[in-house]
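The letters A, B, C and D name the chains in turn, as written, and every chain counts its residues from 1.
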């Protein structure tokens, strides 16, 4: 079994590029060039230098002593929250902005849910002096206000998406429409391992730095590059893809993907794609998605804007279907408690997305000697008002 | 001329410990032990490990290409904004919490202005499982609301200081009163290079990691460990102290300290201590402070909560008086513009404190070959609403 | 011979109209088709509404959302169309996104199309290569014409390829854009129309996107076999419902 | 001999009262002192108000803030006191933070004190060693008693040292706390009082902080030469102004 993409752009039966003809030239250009561009020494040098000097990589692999004691296992947190702009998202936007420059693009568009990808995109656009337009669902604009303010400070234009569930899915639709309308000078920086091929593979490769670092950091700290478990939350799946990447073929490293159960997997208000989804097409990719019997895409729900997405990247659909990763769904309530627990045990306020991953320690027991690496995908500054309202702090 | 503290706790004529007898045992205990404790290999190991794995050090020394082009000089930004919790303050709180543990303290108090020191203190208290009380001026509570929420999430109790100008000075008074009332089990984590000896020296030593890193990072990037200039904003002076520390004796490295002019140095609404201050006693230290003819401490003003302080640490008073550092005052308006400029040129939203330092490029010309290191002391997430209101974004 | 190909052979420029099934009222479908035929329309695209129509602008999006709210489903549409051939003889095409068709089952869907008398399909997000590899034989089995799109950005080589596998007409998107975002043709578009005309493709071209008036219709049919109106007609339905369709059509082609 | 030392030699327990100069009204200073003497008070601490009184609790803080608002300054205070010795003979001590004194000039300040008839100073944030190294000779030149504080946390060695350099009494802070935060004495405090008593220091001790009633006053004078009341008296001034000072004092020492 391989977990790499095949030459047609599929992971097993998932992936491909189900796009209207209007997008064909752009997507095809990217497909033909992405590997070649990424392999250029000059690209790699610039990418690595920015990750180091601008983003602040390597992000620490932090042994969480008090959390480990509490759950009687060895927990390492991969600190993507310490990246510039506060989440893993910037690894990808740095890569894509360099790609866009090499493709001669002058205008950047993006979708965003939690706003982290929007901020990360606005950031790299400011850095490179490129125009930036970010689509964001109206509901997300309300619940992630600090990130809206940040994008605007950075000079990006934030356009509300008011169709459908007014969240990430709809923002993505709007971004795709913009790209259709601006076929020549515009690059679309997708924020997760979703969308038509080659996006899932390209984004996964940019995020792969996460597991590349985990390997040498664990070697340094534990004398062994491989943990027993890698845990990550999954919205579209990019932080998970990055954290899993270099472990995909090592099947003794167990992978755990945590999805948002919202008010409960069967409550009708959920975003637990692996439990509720069926194979279909969303945003140009054949993958698992939540949909009606008729193939209408379901409006998802999660307290976390970054997980509030009815699909999952094709890699993850493949990991689920093949059993390579275990999928666990965590409710709003479980996530919020786990987020607060991390604050008070380790002095780290996690993004609510990440808090879902943290909640699995209450769900699933680990052995005292297990080495568990958890992708701390982002910091919770953007979520303070949600936390506050929830806990009445 | 030396810029180190002498054995009585003075930099030149500034410093000392002007404290009521009630504080004597605590301050004396610290004075007798701080150097010894800091020298313990076990302390150093733990301190360095936390800085690396928890705080995310080294912080990058980032060559700001577009900013450098704009001002036709070579500008490096020392990225303290990328530290855990978003500012340089955590370097000191990590050090002090380890100190407090070794002194057997169980309860931690702190004052905070911008809230960054409060968050950094709440963070290390959560990490170590210690009780945490933070005093914060009522005005600062209003203008730095995100940081208040963060402290509370981290389990700290935030107590409003409602006397005087209701800002940092008054929060410090309240913290000192708390310490007087709790003389046995409590350690007071002061957030800057202010307060009675040994605080200024101890805090400077914890922050010295900043210039220690700058030296090897510049050696790596420029082949020379010494820049031509080091620039930092000065509230109490801790980020400046850290950035200057290993350059103090190298007088060919020019030091620039940037203070808050508020609405103008002579507007009556300012916090430009070096221009407006006279020698006196504030918070246990003999230093420069803004005061009336009668010795009543002036209520300062700055748009930036972290610079809104009527004094300056005794080291800085000495650097000013001896001419070792050049002091420049920057108004609210100049700072806000410089903050926005950094957002849009480099994709970095700076704290408004830091924005004061950035504003000097409009004030003071540098040579094209000058290597200028600026301490990017913190990120601007806490300041979004102030920026927004100011720019009407 | 498929009704579409018959129509394409006629020595006449064609006017085709798109509408979203189930809009403005759930049960308007048949009446709209009948009225369109009566007004002299040559061909109809029946939109199968989708929750996430990413190639469509606000007008068609809103009609799809409303149609779904009204209760339109794939099954309902086939039920509504089951006797359509008793009253309507112009070619009928279903235009829809791929996911609902995939969920119905591609073969089941094609079979149903044939049963009710649908002549062709336009599936904007079904890529040419996937169609070729997996679905071509099914479409052919049920005598369905599959219509591909080209845009001003489509390369000459790709146009040749699309022409080679087309068995009906080529849907020529007037400019790279979502539906409903154009209001007239500029020089670039006219140049593109001319460029395609001189390629002398085997498949006739019908121009869509941006046609809303007699003027734009006339410009389009100068270069192509016909033109398709979508958003402009949806706006008519929004304001006047199924009434006065004849008047709407006469404005375009008096 | 300095009035303070005379008073300390008297075979009597002392009641001393602190008030903030310029509070509640700017010009109340002299009248408060006169009334206190009339009520039988043995010694008065005149508070020189400071913007940042970090050893004081809310009551004294508020009185300082008000006094400063009323316009009290160091110069004003000396002006108000210039004829005080015409009407008042009990010892008078100025209690103030160091910064205003530093700005006035330590020597100028001491000189003024002597001129108007002040007998001693309590400067809580002037450390013993700084006093010893820099200011002792000045204080002595102007015949001022300097009063140091000790607390329950002060080490025996340090108490011995403070005793050795004291030339008046030792201000014994009843518990480590800011002013006004205690409401009665517990076992710890009584043990501390006893401990100091048995040290047999050369300097008499006067207990301050936490004395507000006849009961606490009596407890204090069981162990020490006297007691100082601060916050409780400020509260009286707040509610009744300069009236009924006699009644307040009689409540403490009938």
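Some observations on this one:
As a convention for this text, a residue touches a chain if its C-beta (ideal position, glycine included) is under 8 Å from a C-beta of that chain, and two chains touch if they have at least 3 such contacts.
Which chain is which protein? Per UniProt: A, B = Tryptophan synthase beta chain; C, D = Tryptophan synthase alpha chain.
Note that the structure is a prediction, hence the values are computed from the model and not measured.
Taking the mean of the C-alpha atoms as each chain's centre, chain A and chain C sit 37 Å apart. Chain B and chain C have centres, each the mean of its CA atoms, that are 66 Å apart. With centres set at the average Cα position, the gap from chain C to chain D is 96 Å.
Viewed as a network of touching protein chains, the structure reduces to a simple linear path. The chain pairs satisfying the stated touch condition come to A-B, A-C, B-D.
Residues of chain C touching chain A in their complex: 50-57, 61, 65, 68, 73-75, 97-104, 124-128, 130, 148-151, 153-155, 158, 173, 176-178, 181.
Partner chain A is touched in their complex by these residues of chain B: 52-54, 56, 59-63, 66, 79, 81-84, 86, 122-127, 129, 146, 149-150, 152-155, 340, 343-349, 380-381, 384-385, 387-388, 391, 393.
Those residues of chain B that touch chain D in the complex are listed here as 16-22, 24-25, 163-164, 169-170, 173, 176-177, 180-184, 278-284, 291, 293-297.
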